[in-house]
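For reference, the structure I am asking about is given below.
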Amino acid sequence: MVSAKMSDPKVWKTCVGAMVNLIEEAAFKFAPDGVRMKAMDPSHVALVDFELPAAAFSEYAVKQPVTLGINLTEMDKILSRAKADDELVLELDEKTNRLAVAFRGASTRRLSLPLIDVREAELQEPKIPFTASAEILAGIIQDGLKDAELISDNVRFEINEEGFFITAEGDRGSTELKLGKGDKGLLKLSVKERARAMFSIKYLTDMTKAAGSAEVIKISLGTNLPIQLDYPIAAGVGKLRFLLAPRVEAE
Amino acid sequence: MVSAKMSDPKVWKTCVGAMVNLIEEAAFKFAPDGVRMKAMDPSHVALVDFELPAAAFSEYAVKQPVTLGINLTEMDKILSRAKADDELVLELDEKTNRLAVAFRGASTRRLSLPLIDVREAELQEPKIPFTASAEILAGIIQDGLKDAELISDNVRFEINEEGFFITAEGDRGSTELKLGKGDKGLLKLSVKERARAMFSIKYLTDMTKAAGSAEVIKISLGTNLPIQLDYPIAAGVGKLRFLLAPRVEAE
Amino acid sequence: MVSAKMSDPKVWKTCVGAMVNLIEEAAFKFAPDGVRMKAMDPSHVALVDFELPAAAFSEYAVKQPVTLGINLTEMDKILSRAKADDELVLELDEKTNRLAVAFRGASTRRLSLPLIDVREAELQEPKIPFTASAEILAGIIQDGLKDAELISDNVRFEINEEGFFITAEGDRGSTELKLGKGDKGLLKLSVKERARAMFSIKYLTDMTKAAGSAEVIKISLGTNLPIQLDYPIAAGVGKLRFLLAPRVEAE
């Protein structure tokens, strides 16, 4: 039995919206203490790690752990039908082997999608020796990526004592975003050692575009190491983490 | 002589916007007591019935009945140029054989379109033994149709003692909208006998998409009978009615 | 050395946005007293004349006159990244031969584009014997052009004692916009002699679409003469002028 209720559909909408461009199918593990999902994109460049404890739901009833294979494209379409005031209910319909997503608002709408077989990979999240991190408004990161997109496919992220930087360089010009200490959009800065690495703009855009511009994203960085993006979902109770491998940077 | 003035262009904009996807050419009969138009779509699945009495206009001067053949696509483009505060004036220019649509607002704009020959069909509106009806906010119907569209081309409408239902079923899942007694969006429910029938989503979407989400649509239904949609246009003085034949439903 | 600062990026955004559809490359002359640019479109039908005196900038430092060749499409993309509250800084980076456009707001963003070689034409602005002029809200002109676009590629502008008129005629109908004396959108009317001429809708649309609907455009007209459009940019300190040759009109 799986039945989980939330007063706000936004958490699922944001998370699935951020995952859907990276991975097509996901195995969500519904356990008595909450929901977990971990997956890599097909090219093994990006990793998604999602956790939503039972406490993040207003009602949560899962007796036995069960893994639900979900086509994220279909799930995303269904969640896009949510309205801001709707209450969200997820329910497993064992008879039909479907996940029912119900929206309770002006009317009660129930959209259900067939469950699919998804091979569960046993993914070990790598331990990465980040040397710097920053908490930044999502809108700032989105702006820096859109600027960079004008002239390149790749972007360099850097965190140092002065602040956070997004730079790009191409035949058509260059772009630089600087978010310095004291700037409003920089909520925290922590630097053991200057860190910088280059990444695919497309991946970073996909990972950040579902976030509201005023939401906070924590970036962890190390020189030529993968980047880690953490969203504090469901008021910090849940976890949505992305890891993205760096591009080799000729210097 | 035909000259008709309204303080709000919305009535014509909504009506023509709802018709334009079903029928291409329409014969509007301007008579001393008001305007009438009745037409079937080319595949004879849908019927439009439109009436706007003289009382719906702020000024109305038609001496002799005259039938104006209008290309609805062109008329819709012209009406889309209306601004919310504009006053609308329709005038027959007999010399050029054109209908002039004037918008009086910040400036006076006059867009005129050539009249065309449209064969006037003598359409008898069928007498249908509906067994149930409901008055529903247009936005609710639009939501149910958009949900259903995700997984099918057809949708089932049902009215019973519990309320109003829109359901769809397909390989990619199923959707159900329930609007129960007591729900805000259900303004009236009248059931002699449970009624349900299946319809094309495309047709229903075309018929309802020009309505504002807070406007009320009256649905009349009978099992495997055509559906009737009534819009209370011009504060109930006018009438816009659609009839749509059901799809055969294997049960 | 070139460094110029404005508290509002809108002036450049509007001007470059209005030019970009007419000319692809422009030679901006930065002199100690301000910036100038004059260019014709490739088909020699339209002329752009742009002047922004040093006084229009909050800070302006240009020691020696220098001409910067700029690809307007790239410049427009960069300016489209400006946010309403951003401060704009233009700077010549002589080492890399690039123009840097910096936006200072929530973060500091610096987008730079390579300078190009642009042949500087010595354009003499023609002296045209206009016989009438009008100052009009841009939104009114935009509306008249959009109306006319429904049925034709050409539009007739007329200024006479009664007011300002935009008319079009085609197989699919006709449109007329009348902005009379006393109408709010007509800020000034000056008529020595009735003036009318026909122009390409596409060109006029390109020239006016970057303007906010509440901005004022001054139109100067003479019968079968070019039309002159003046924007009072930077609170009247600057100048953006378009001249467009008339189409031969069979009468």
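First chain written, first letter: the chains are A, B and C, and each begins at residue 1.
Heads up, the rule we're going with is that a contact is a pair of C-beta atoms (placed from the backbone, for glycine too) under 8 Å apart; a residue touches a chain by one contact, two chains touch by 3 or more.
Keep in mind it's a predicted model, so treat the numbers as computed, not measured.
Judged by the touch criterion defined above, the protein chains are all mutually in contact, each touching every other.
Between subunit A and subunit B the CA-based rotation angle works out to 120°, given as a multiple of 5. Between the Cα centres of subunit B and subunit C there is a gap of 43 Å.
Touching two or more other chains at once is no residue of subunit A. Taken in their complex, subunit C has these residues touching subunit B: 137, 139-140, 143-144, 146-147, 150, 171-180, 183-185. Considering their complex, residues 74, 77-78, 81, 83, 98, 106-114 of subunit B touch subunit C.
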